[in-house]
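Before I ask anything, here is the structure I am working with.
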Amino acid sequence: MGQTLVYGILNGALYGIIALGIALVFGVMRYLNLAHGSFIILGAYGSLFLFHLGIDPFASIPVLSIVLFVAGAILFKTSFSRLTTFSEGNKIKNSLLLSFGLMLLIENLATLIWTGDERSITPPYSGLTFGIFDLRIPFIGLAGGILALVLISFLHLFLTRTYFGKSIMAVSQDHEAASLMGINVNRTFLISFAISLTLASIPSVLIGLKAFSPTGGIQWFNKGIIVVMLSGIGNIYGVLPAGLFLGIIEAISVFIFGAPYREVTGLALFVLIMILYPTGLFGIRIES
Amino acid sequence: MLNVEHIDVHYGDLQVLWGVSLEVKEGEIVALVGSNGAGKTTLIRTIAGLHKPSSGKITYNGNIMNNQSPHKVVTLGISMVPEGRRLFPKMTVLGNLEMGAFLRKARREKDQTLNWVYEIFPVLSERAQQIAGSLSGGEQQMLAIARALMAKNGFLLLDEISLGLSPLLVKIIFDVIVKINKTGISIFIVEQNVPMALKVADRAYILESGHIVAEDVAKKLLNSDHVREAYLGMSPI
Amino acid sequence: MRLKIIFCVLLIILFLTLFPLMVKSEYLLNLLIMFFLYVTIAQSWNLLGGVTGQISLGHSAFFGMGALITRLFWVEKVPILAALMGGGVSSMLLAGIVGIPCLRMRLAYFPIGTLALAIIAQIAVGNIFPLPGSLPSEYIVAYSISSRYYLALLVALLTISLVYGMTRSRTGLALVAIRDDEGAAEAMGVKTFKYKVLALLVSSLLAGLGGGIYAYHQVSYYYYTPFELSWSFLPTLTTFIGGLGTMVGPIVGSMCFLALSEIFAISLGEIHILIFGFTFILIVLFFPGGLMSITQRFHPFSLMRSKKKGVS
């Protein structure tokens, strides 16, 4: 049981980082980016490519981050920016649909380019585990967990200590009022979107080290969105605890019901929480 | 000096302002009064850049404003206190004020400006760490005004600042407006509270159904038959 | 004008009914069966998404559920029509259990909730039923493609008429009102939740029936295949491109999709999906009414399309 819990926690950390990117875009500009998972997969392919060039996956994170940032900026400028003028409900719907089309494009292009085969990055430390008491803790998972903590801390400092970070928070709370402060809201949207894609670089590598295929993106998005819902919309800090929560509950259900039903737990949890706590576990209700 | 020249404003196909012209000279307090739905808020929002006029021109100190985005309007020297205050609800009082000083020039002088603002509104200094959403109505209004002042602009737009406030608070806030104006900041104020607005302003305009129907020195308007009947519910003198 | 349309429609139905008697090509018959299935699932999706404005990204769960239950019943010697009903009903039950809480949620949780449902259903069914299901030998011997054909045609016609009927009725007025402005509809006394649930249940029932036909049609297949997300993308894409909320939209969209996929069947990967995906993006960004809105000026075929910018 302890072992399953360990895996649950480490999975949860991964879910949390994935959810962070989704939550940022949603919190700031009320967009839902269905293609977030597909970008994670693209990043995984990128990391694989760099790995063949001799670069360690963890070392590829900075490179991926930059590439993803630029890609996010371009993507926003060319398509998502057109949706900023819609009402809130329409923004969510249309960004969903747009990113839906985008996801299809990316998945199918990726299949064309790399075939549908499952890949995996296998550096020498792939199977490395640490033993504490009776438990074996995989090195990669642990590294992922630590990176998640570091990432959240950095993000927190950025959002609360820098003027630009604070302006992002202002925009997310009332973008019209923010513009009256002299904040360039469109540019803030652009950069926030790009940052959210950058946040996909760490999950890219972690998933690359597990296993990935062109169509795998949506499943990761699914985990991410469940976590975002659990933590509550508009709440970026609740994302990591919510991710851990999901991971642990999944682990427990695997222990009790067996592996094939793991995914169903996520759904059941999702539906249950939505019925009981429509604002999410840690969240604040956003006004529609 | 703010110059609004003959602007028409539409919401989609619906026209709400017709050929509106007005000016605010440096150091003046100018009021715009009119009943609900006359188009006052639309007008002030258009000046702030939140809305584009379909024709006409707006200039401020020689710069053309009507085609600028709202954040550019702020950099060009005009700050607005929007209707309903629009504070950042989850930020503290201090956080809101810091956001007000977002402009680079304002950021440099942030600490001095903060002191000045705390002098004008001492209650804000007491509540500096309090979350903006938990303040009372009057405190929120003060914070909204203070926040706009943080930008250190020479021109202030005030949209319905008396809304929802008790008469005492309204008096206090309008006294503050006069005080701010004395430091050299030009003020354009849109108000439903006609007597208060006309007492405080140098000049005033009356907007009815999207048209400017009167313009005069504020005191004269306050005593005019039209205003007394239409807006103050009194019989003609 | 209306008489002309009715006449054309009847002619088409007649043609389709006589088709298997005239043409013996199994390839063409299978193609048409696929077409009928596409139309069924797209039109059922359209009722929920196009007419009522609730975009379901997880219709594959309903399609798959119908297929699963129908297959399980049918293989256990339940007569096909009863099995189909079973499939449809089970799909409705699934929609009720998961979909209703999703409808309650604010903002865009419904698409996300249905998407989550579809993803999880696909994985779960894949885990629980990893092996392909095949038919007992008597069934294979007795396999007649024309019975599949007629049943598929029947279900497709049923779907179209039901959706048409609902849309044209007073219920349809409520649904469209909900799509265009739920708040206003609520304020006018429309019990929006009740109608949304109704649309959801009917939509899932029809999708389940379609799934049942799929299960009836396939000899041997993996149980998770009809749960695959492509069955979710399909109705969304085709209805959007064909014309959201219109009657002809799903049909036109399905036709185009099928045509493209046949043309590109020999080439690598899923180029037709690329084309559709790209078109879809363009439409979301620039033409919310879909292809039909462009042809709208020439043919008054479409009903109740949304004029507003973006999907409302």
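Remarks
A, B and C label the chains in the order they appear, each numbered from 1.
Convention: a contact is a pair of C-beta atoms (placed from the backbone, for glycine too) under 8 Å apart; a residue touches a chain by one contact, two chains touch by 3 or more.
In this text the structure is predicted, and so the values were computed from the model without any measurement.
Chain A has the C-alpha centroid lying closest to the overall centroid of all protein C-alpha atoms shown. Among the other chains, the CA centroid farthest from that of chain B is the one of C. Mean C-alpha positions place chain A and chain B at a centre distance of 42 Å. For the pair chain A and chain C, the distance between C-alpha centroids works out to 31 Å. In terms of their C-alpha centroids, the spacing between chain B and chain C amounts to 54 Å. Among the residues of chain B, none is found touching two or more other chains.
Those residues of chain A in touch with two or more other chains do not exist in this structure. Within the complex, the chain A residues that touch chain C are 32, 34, 79, 82-83, 86, 88-90, 92-94, 96-98, 100-102, 104-105, 108-109, 111-112, 215, 218-219, 222, 225-226, 229, 233, 259-261, 263-264, 266-267, 270-271, 274-275, 278, 286, 288. Against chain A, in their complex, chain C makes its touches with residues 55, 57, 97-98, 101-102, 104-109, 111-113, 115-117, 119-120, 123-124, 127-128, 229, 233, 236-237, 240, 268-271, 273-274, 276-278, 280-281, 284-285, 309-312.
On the side of chain A, the complex with chain B involves touching residues 163, 166-167, 169-170, 173-174, 176-186, 284.
Per the touch definition, chain B reaches chain A in the complex via residues 48, 50, 69-71, 74-75, 79-80, 82, 86-91, 95, 98-100, 102-103, 106-107, 147-148, 151.
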